Amino acid sequence: MTAPMLQIEALTKRFQTGGGFLKRPRAMLAVRDVSLTIAKGEVVGVVGESGCGKSTLARLVLRLLEPTSGRVLMDGTDLTHLHPSALRAARKRMAMVFQDPYSSLDPRFSVTDVLTEPFTVQRRPLPPGQIAEMLTAVGLPPEMATSHPHQLSGGQRQRVGIARALALRPEFVVLDEPTASLDVSIQAQIIDLLAGLRDQMGLTYLFISHDLGLVRYFCDRIVVMYLGAVVEVLPTAHAKPRHPYTRALIDSGFAPDPTRRRAIAPLSGEIPSPFDLPPGCAFAGRCPRASDRCRTERPVLDATTHPTACFHPL
Amino acid sequence: MTLPAPLRALRRPAGAPAGLWLILVILAAIAAPLLTPYAYDIQNLKSAWQPPSASHWLGTDEFGRDLLTRLIYGARTSLSVSSIAITISVLCGMTLGAAAAWFGGWFDRAVTTVVDLTWSFPEILIALILVAIIGPGTTGTMVAISVAYLAQFTRLTRAQIMTLKGETFIEAAASLGAGNGHILFRHLLPNALAPVLVSAMLATGDAIILEATLGFFGLGAQPPVPSWGGMMSAGSALVFKAPWIIIFPGLAVAITVVAINLYGDALIAELDIRARIRRAV
Amino acid sequence: MYSYLIRRVLMLVPVFLAVSLVIFLILHFIPGDPVDNLLKVGSSPAARAEMEARYGLDQPLPVQYGIWLSRVMQGDLGTAIVARRPVSDLILQALPHSLRLGGLALLFSSVVGVGLGVLAALNRDKWPDRAIMGGVLLGSTMPSFWLGLILMLIFSVWLGWFPVSGARSASALVLPVLTIGLGGTALVARITRVAMIEASGRDFVTLLHAKGLSPLRIQLRHVLRHALIPVVTILALRIGWILGGAVTVEVVFARPGLGTLLIKSLSQHDYPVVQACLLMLAMAVMLGTLLGDILQAAMDPRVRAALA
Amino acid sequence: MSALLELQNVSVAIGSAQLLDGVSLKLERGQTLGLVGESGSGKSLTAMAAMGLLPLIGGRVSAGSVRFDGQDLASLTDPQRRALRGRRIGFVTQNPMTALDPVQRIGAQIDVVSRLHLGLTKQAARARTLDLLTQLRIPEAAAVTEAWPHQLSGGMKQRIVIAMALAGDPELIVADEPTTALDVTVQAQIIQILAALVREKGVALLLITHDMGVVAQICDRVAVLYAGRLAEEGAVAPIFSAPQHPYTKALITCIPQEGMARGTLRGIPGAVPSARQYPSGCRFHPRCAKATAECAQQTPPLIPRGDGQAACLHLPEPAQ
Amino acid sequence: MTMSIRKTLLSASVSLFALFAAQAVSAQEAVFVLNTSEVGAPTYNPIKANNLNKATTLIFDRMVSQAADLSYHPWLAESWEEAPDGMSWTFHLKPGVKFHNGEPFNAATIGPWLEAFKGSENAYMTEAIAKVEVVDDLTVKLVMARPEPNMLYNLSSSFMSVIEPKSYAALGDNYGVTEVYGTGPFKLESFTVGQETVLVRNDDYTWGSPLAKNAGPAHIAKITFREIAEDSTAFLELKTGGVDMLLGVPADLLSEVKKEPNLAVLTLPGQDVYYMPINVTKAPFDDIKVREAVAKAINQEEILASVFGGIGSVADTFLISALPESHVADSAKIHYDPARANALLDEAGWVMGADGVRAKDGVPLKVSLWTQSDSIFRRLTEVVQAQLKAVGVDAEITTFDSSMIRDQYKTGTQQLAVRSYDWDNADIVDWFFGADRLGYPNISMFNDPKAEELRKAAMTGSKNMAERVANFTAYHEYVLTQFPMAPIYQPVESVAYNADRLVMPEVLNASAMGSVAVMDMEVKE
């Protein structure tokens, strides 16, 4: 493994809501003490259900949100305490692809405007022929440059979004559920495109998704999050899960193969409210293996090659 | 090649007659001296109180002046006062609303509180008090109307920007390293513009009514300059003797405001921003 | 819910202070000195000073505000400078008329407006809808003083059904209520229609149809109930608007009320009366928003939950 | 005996747009039919047609017939159709978050179905509601009936919606993407509940989904829609093992599977066409690897294959 | 929930309807509408009022009554004697007169009553009285500081309505507002300023003015005076039967009144003059030529014919023509003379421009013309504006609310204005042109040494009526020659009433509508 491209150290984000006149604010930890190292060229997946903090993590990494504590280092530079002008310069090296291709493009911008914006913002000249080149790279016809978002399909928009993210040749890209609002046939196209681009440009990806199947297909390493915390890091895509929650996620998927039908044994119970976390393991309430210890004491990631935060790993 | 939305709105069923009426009124206001053989201010007391006839299509007023002539010149006053007032209001409201949405915190809270409260206050009251402060006349009316509608545009702009701030493309711009200025002026304001402008147009209709009401209280344009409100005010004194003096300016106001609303609706439909306007109210 | 109510009412305090300050200040920008109205021409400066002292006009502004506010808190609205009597008397004389007119106009616009809105929504894009919305649009674009005069011309002068002006009989209320009510009706009908149409498109309505409920029952028992939430909220917010909208109408029909009182005292620079009138209207607005919030909470459990 | 639900050559139009074009489906009692397709393929329209609810979205059956238990829905009066809905046909919508009336308590929303269709008294209806909730393994059913919708989680709400669908004791449940809006683990719960209903109560299920995995796991038969037309229809096992239509095949291979090597997922080129610009001939031809010039001109008819049917000009020879 | 909303709405509507209990109107009741110029009069305290409405004349009696020919007749004073040197007056009071609160009216009333004028708004009325001597219970002697030929006029004025001194002292500022006690034929029942005043008959009243046939009590049991700001609304009320009488009908409505078969008009001599004050201190009106020019640019005949429908007469002096002091030399009278106006302006250096506006040294002849918002003023002013334009003066109208315009005058920034006054005594010349009242009411800012001398003689230097008339005529005449104003129009007082409801006295021997008329008025059953 090469030198770490990105180091996330004990990142925590606390959100406060509902504070007002004579009204007690409620706080939640959207991301709790998350540490992670991403090597150059690696594809790291972050998987979890809604409200697990994966999107917040993505934004903290790019400092689109300010962390409550912890830091993010890119090639040793602490992004979390960078001056705005230095941060802007640093943004050249990283980029993000967003989930919703419908709202991630300014409706008033043409495709050319969208793809020019990174250069404007970074005050760099737009090389001639760059737009057509970028469009071709993401598999769009160069004639599309004059189109507006409402004239494009979801898949095409997402390709424009990817082209925008890669316009300044970043090294590190956060993919925040880039296919979640697309049809399966388009999802596969986009994943294919992302894989190809990674090979061509030597990109490093942090891939956020709720779809474990997709993550296992696409990623080298998988971080499983539950209610703001990392519960397990699968060292390889096909490593056997050790945490009961990861197991449950795998079991919740339906294989498109009628010959491998199996009894569905879903998890019982509901995800607890992030405002009102139980004292012990957050998963204890739904876990078939939970013991009394799980309900009172919070497990931490063990320092193995397959880190798992569980008192009773599989 | 698609036509710009204001022209497309003209092709809609209700938009067409409404837009044509507005164009007609505006053209008439501009070309007023060419359209009528009479002067708006020359009195001919011998021919006062004449009902509509061939020589005076809408009759004459208490000074024997041709009512149609005064109606056309009145369109000048009414339209220019209300549209200038709304323009001022929009400019100030957008600045204030954008600043509130952008800076947030106590500034936003203060602006929102004041604006919400004044928004619940009837515009006519705000305008009356302001005219009392500034003094009657065209300038006073303009300032009063623009302040009366300030709350509306501040609210609207703020709401637009608050909604837009949640859009992913703003986050996308930020992720590229865009600064505040870029986001505000390249993304937020241009996107907030269409709903604000359309509401401004609809508000111009309300402002015409407000201007007329101030005119009714004798606080608008001062004689002999005609304004629709002023004409109705004069006519109200003798509504039973010469009802045409008050009926025609009233109809002019009503039809013009209806036209503004219908055309505005067509424009809203054409721009597909109904939800954005409604959500902001 | 109760804690919310208390909080909501307490929240009115700073708002009230802000409003009272604004009202107090605005009126000091109005040119013209009320004392001039009272002083004999050629009075000595001493007489003037005495008059100013009598109405507290010689104090610095913040002190005047403090004195005024503390008196207002005790229900003492001061003495009208021009009308020469306690302002509270004037307000008490005017208020019932305004409440009667405003209340009936509100009732009229709510009942008729909701009715028309429902009818229009049920016949969406068909001729009754177009006719209603067209009529309603026209009704809302006529200046109220004009409409009032035209109604007066038709119903009082030509037909002789109602008195021309004043407030001496119940029938004198009909035309003013109609005049104000028509504008409000337009607003209510429009909101009701849009809210009905919007609510009709919601998923749960599809599900109600899927349950086999009759369309009319769905519209009237479920959709309308939803549609009424924004209607009630906006109506409550617009209470002040309806009271204030009465200003022109009161003048046209020569009715007693806060509107006429306000206009008159505004032109006479009778500060204490103007302040009191504006304060009354501001309180109506604040109570309106309060009422709107409470009604919204009462009608919508989600709002209740968000408040708890 | 006729099929419980049968769509014969059904076309659906909204305004001038023909959104569904000659779809034929059959669902027998106690069976599960999966209806799959990408967005815009007309799945939800099919569900609305089956429920007789097209007028709600301004649509109409422009050709063909929808038959429930042999009766053509078009021949029924409005009250007769309403008597079917909720009573013999239950409906589960896509988004449980918005499917419940937010200003009515949960219990009342379920009670109304049995009161209306089974003529139960208030008390009897409530008892039945509690019973249903318990069957759906909802803890503290009594408390839930007194709750407001916003107080429940998405999974819980979807179970309430299912309870409402069951309250009239229906023979058919139409479930329109019942899990799309839910979290992965909750999806599994809901699918399991629906599967159990078919298994234990003998209810027929029309399951509309975009997830071929779900179809593979719980459906008896599957119908694949593409751009408003039926691409293929048949029993689940043969279709998954040997899809006849290129689209069906592509759809199955779009899903990342256990053990799939990176780089093998290709997707289907191009985009799902919008109803305003359907391609001529076979609507799939612009995205189809097998397409020939003929495909662009000729609309492929539905051809029987095995016990199902498929619409493609290049069907493989029937396997022996 | 639905249920409770329904209930709330229901109960709300029920209580709302309960709020308006219709007032029954019975026969011996009448509704009068006050003249618009009296709308908003805040008090019935005659001593402290600047503006009193007609209801005042029914609440109070006066010492002396004035007939239509302006002659003086007894009332609360049965007779009086003036000392030959004018230095004292002796009044013999009517016995048996009681105030509404039961207090007797006698010689003891007079002292405190006249005392109350000191330092009040109307102090000038009693200025000349040095002291009051009570001769006996019903006889008082006023000892004068100087002769006051105007004494009887003052005593017949409504500002010298006889108040009840004890309650006056006790009530302070509330006197005339919440309660008021006089000896008049009607008692105040309720008073809502700006809205209405309700009076009920004083059943003990037997001391009416000899000018009326009926000495009391009045025929009408209850009178409501409504205040309606818009003349047209008031007219419509009369026309539709909502009210019985309008106490003031503007001239342009008279033709409408006459069209209605059930309405009748009673015409009384007017006491108003419409005029255009000219601010002599503001350029260009510091030039007497320009003043004369604008004064002579006003076409009074045209205004009389077109704005006032030919009713009333033109005004060519500042005083109403019924006053002897109005008989000034013909040369001093101000008449429309456009040739002279143009010539004067040319002479003053104002040259006619191509746009019809005169200019001097490149400065156009633009002046301000103020008016009040009442419709008749607005119309009159617009005509004046047009007439000024005809001689090349561009007047810009500014409209102020009638009660606000006085404050504006006090700023002294006006140039021209259109206004009117209502007074039937020559001392109004002093009031509007005396140098001690610059700003307001002397809005012409007229301060002329010679005029001041003449004024002093007129106001305080006259020993008897004849002398006073001569002095005032001279003063008036001089003022006219200085053009601090231009007279315009002199209306008659027109009262319109519903002849189906009211029976008017056949002969009305009074200078104005008031107690004398109401005493003989009846309501048809």
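The first chain written gets the first letter, and so on, giving A, B, C, D and E; residue counts start at 1 in each chain.
In this text, a residue touches a chain if its C-beta (ideal position, glycine included) is under 8 Å from a C-beta of that chain, and two chains touch if they have at least 3 such contacts.
Note that the coordinates shown come from a computational prediction; the quantities given were computed from them, not determined experimentally.
J.: Take subunit D out and leave the rest in place: which chains still touch each other in groups?
T.: Contact components excluding subunit D, positions unchanged: one piece.
J.: Could you tell me which chain lies farthest from subunit D when each chain's centre is the average position of its Cα atoms?
T.: Farthest by centroid: E.
J.: Return the chain whose centre of C-alpha atoms lies at maximal distance from the corresponding centre of subunit A.
T.: Chain centre farthest from subunit A's centre: E.
J.: Report which interface contains more C-beta contacts, comparing A-D against C-E.
T.: Greater number of contacting C-beta pairs: A-D.
J.: On a C-alpha centroid basis, what's the spacing between subunit B and subunit D, in Å?
T.: 51
J.: I'd like to verify one number: the distance from the centre of subunit A to the centre of subunit D, where each centre is the average of its C-alpha atoms, in whole angstrom.
T.: So the centre of subunit A lies 32 Å away from the centre of subunit D.
J.: On a C-alpha centroid basis, what's the spacing between subunit C and subunit E, in Å?
T.: 38
J.: Subunit B to subunit C: how many Å between their CA centres?
T.: 22
J.: Multi-chain contacts in subunit B: which residues touch at least two other chains?
T.: Each of 217, 236, 239-240 in subunit B touches at least two other chains.
J.: Check each residue of subunit E and list the ones that touch at least two other chains.
T.: Expected reply: 230, 236, 239, 401.
J.: Where does subunit A touch two or more other chains at once, residue-wise?
T.: none
J.: Contact residues on subunit D for subunit A in the complex?
T.: Contacts found on subunit D: 38-39, 153, 155-156, 183-189, 191-192, 195, 210-217, 236-237, 240-241, 250-252, 254-260, 262-263, 265-269, 271-272, 274, 287.
J.: Help me check something: in the complex, which residues belonging to subunit B touch subunit C?
T.: Spelled out, the residues of subunit B in touch with subunit C are 113-114, 116-117, 120-122, 124-125, 128-129, 132-133, 135, 205, 209, 212-213, 216-217, 229, 232, 236, 239-240, 243, 246-247, 250, 253-254, 257-258, 261-262, 278.
J.: In their complex, what parts of subunit C are in touch with subunit D?
T.: So the residues of subunit C touching subunit D come out as 202-214, 222, 225-226, 229, 299-302, 305.
J.: If you look only at subunit D, which of its residues touch subunit C in the complex?
T.: Residues in contact with subunit C: 51, 53, 56, 79, 82-87, 89-91, 93-95, 98-104, 112-113, 116-117, 148, 150-151, 161, 164-165, 168.
J.: Taking the touch rule as given, give the residues of subunit C at its contact with subunit B in the complex, in rising order.
T.: Interface residues on subunit C, with respect to subunit B: 15, 18-19, 26, 29-31, 137-138, 141-147, 149-150, 152-153, 157, 194, 237-238, 240-241, 243-245, 247-248, 251-252, 262-263, 266-267, 278, 281-282, 285-286, 288-289.
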